[in-house]
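Right, I'll just put the structure down here and ask away after.
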Amino acid sequence: PRAKAPKACNLTEFVGTAIGNTIGMVIANVDPLLHAQMKLDKKYRSIGIVGARTGAGPHIFAADEAVKATNSEVVLIELPRDTEGGAGHGSLIIFGAADVSDARRAVEVMLGELDRTMGDVYGSPAGHLEFQYTARASYALNKAFGAPIGQAFGITVGAPAAIGVVLADTAAKAATIDACGFSSPANGTSFSNEVIFTFSGDSGAVRQAIHAARDVGKQLLGAMDPTPLVSTTTPYI
Amino acid sequence: PRAKAPKACNLTEFVGTAIGNTIGMVIANVDPLLHAQMKLDKKYRSIGIVGARTGAGPHIFAADEAVKATNSEVVLIELPRDTEGGAGHGSLIIFGAADVSDARRAVEVMLGELDRTMGDVYGSPAGHLEFQYTARASYALNKAFGAPIGQAFGITVGAPAAIGVVLADTAAKAATIDACGFSSPANGTSFSNEVIFTFSGDSGAVRQAIHAARDVGKQLLGAMDPTPLVSTTTPYI
Amino acid sequence: PRAKAPKACNLTEFVGTAIGNTIGMVIANVDPLLHAQMKLDKKYRSIGIVGARTGAGPHIFAADEAVKATNSEVVLIELPRDTEGGAGHGSLIIFGAADVSDARRAVEVMLGELDRTMGDVYGSPAGHLEFQYTARASYALNKAFGAPIGQAFGITVGAPAAIGVVLADTAAKAATIDACGFSSPANGTSFSNEVIFTFSGDSGAVRQAIHAARDVGKQLLGAMDPTPLVSTTTPYI
């Protein structure tokens, strides 16, 4: 679902909302009690907080752009089993910064990227497909997926998980890539019904692997349910 | 959803139903095979069993009243990832007792408390908020959250989890309280899309912290979706 | 939901679809990159892959028939927390084979069994019940549940989990059976809202235990919601 027009919210903590039932907020001075409970590094006086009911990959790739563009760091990435009854994850991502304006900027950049990173998510009542690509992975992708910093990096996601296995095989055969990881319902996901394959390599190879997997994924998920598989926003890869 | 009028169920095990797709039952003499599989203490011949599709906090706080009021103990609290497609937990709570009348009474008291403990649960299509308070925590709250026995104790819950982070900060700043715990999707929940903050302290301070968080939570969740945030039953805090 | 008529899918990987948003596929030659990531035994050049949004017990019992009937082995069984917003599991099951025709045959046999193994699944908006029985357990049931190979084996499942506790007690009291296991939301499930009780023994005793639990389960789940509890397909036990 597209983000609704944000209602007026006058709290200083509120930054904005975005697609996927996503909300972005900041805390200028984290209370010492909470600072301790969250085990935050002392150097972060401020945090930016983005959470979503639907979306993990789109949010992590968007967060990666935010850390590239701002003076902040990603201090926490957690993936609830959510998607509002679907097969996948929601997300909770926290940026740490010494200054609230940096935390706020990170949240703003991330919210602004989400329409793009939702572009290669394709859903139907039977499941969903997701593809993400970056020409240069940064710290959020490194933290979440072990992506090599500075390299081209991509992921293929299929739900139900069985489809994700075939997407991984298709990607691996389509181009010369290096595998980073393979996550399945009981290993590396939050019991989500997904297989996530992650890989780096030459920029052209990573994109080629994704294109091949996307083509196969649409045919397989399309065989399960007649709902047309259209981009959630606009394809970007 | 409110509890439907219970259909006639003549099984001796059946006790009743309640809000949240909750059911309460008793087993007078637990079969030795099951007794062993469940690793129950030998002193419990009877068990009371309450389970729900929707609700964990309301059920644990209700169970706490049940152990205060009856000659039973809480032997198991487990929180499935459920809420029927929502962001939170269901529950499975088991009382042990030497006598079936005690187990049954514990289930009855717990079912009877649920309309009250659902009073500060506020849901919308975007997520939910939950607040709970007791003037005197007992063994169920101690088992589930590490609440100090006999002290005033409260919790704030926000879903998506991002909102729960701001609720925790708001509560911590609003009054002098002692933090008990901070649970997030990957730490302390069952991968639910919630942040749960738990705290004890002076009775007035605990309530003040909850009031402040409740006010902020309604504004944040309200900014995500226009659905009015009304109490599931009647606010009690 | 019944399987829809499969759309034309011309990929060589595609085998078919079945009830429960289930899809079956094969990979004739698993790519070495994926082979390593999945930690597959070198002797399996080919894999058969079956995944579902809804169904774990039905899929594992169907997979058991597939390994009995074909020259393949079950190499992976994982149970996402899914059922499309319900209380239970989906599934990801992978067969290994030296030859793609064996992998394909295993997938075909499994897909063909699912209408039968969905026969004792009974759902309502409040939850679901599931019962499974085999006269002779094989390697899939051994891998998933520790079932003794070659013996009669059954399971009772209740959701919300509280009902599953009473089903287990009922089954244990109804006949002389040997308990294999007891899974609950936080122990042995993927945080699903189910209690699963598994047992072996004399064929007649296993069936008798299931019949007793099925009768009790329908009354308890029926007390929660007025929706008639009918078989998803046709009862087989």
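Note that the chains take the letters A, B and C in the order they are written out, and that residue 1 is the start of every chain.
In this section, a residue touches a chain if its C-beta (ideal position, glycine included) is under 8 Å from a C-beta of that chain, and two chains touch if they have at least 3 such contacts.
A quick note: this is a predicted structure, and the numbers were derived from the prediction, not measured.
Engineer: Between chain A and chain C, two copies of one chain sequence, what rotation angle (nearest 5 degrees) aligns their Cα atoms?
Structural biologist: Rotation angle, to the nearest 5: 120 degrees.
Engineer: Are the interface residues of chain A and chain B largely the same numbers on each copy, more than half shared, or largely different?
Structural biologist: Different: when the shared numbers are divided by all numbers used, the fraction is under half.
Engineer: Just the number, please: Cα centre separation of chain A and chain B in whole Å.
Structural biologist: 31
Engineer: Got the chain C residues that touch at least 2 other chains?
Structural biologist: Only 81, 85, 191 qualify.
Engineer: Quick check on the complex: what are the chain B residues that touch chain C?
Structural biologist: 4, 6-11, 13-14, 17, 21-25, 27, 30-34, 36-38, 47, 49-53, 76, 78-82, 84-85, 90, 92, 94, 190-191
Engineer: List the residues on chain B that touch chain A in their complex, please.
Structural biologist: 81, 85-87, 125-127, 160-163, 165-166, 168-169, 172-173, 177, 179, 181-182, 184-187, 189, 191-195, 197, 216, 219-220, 222-226
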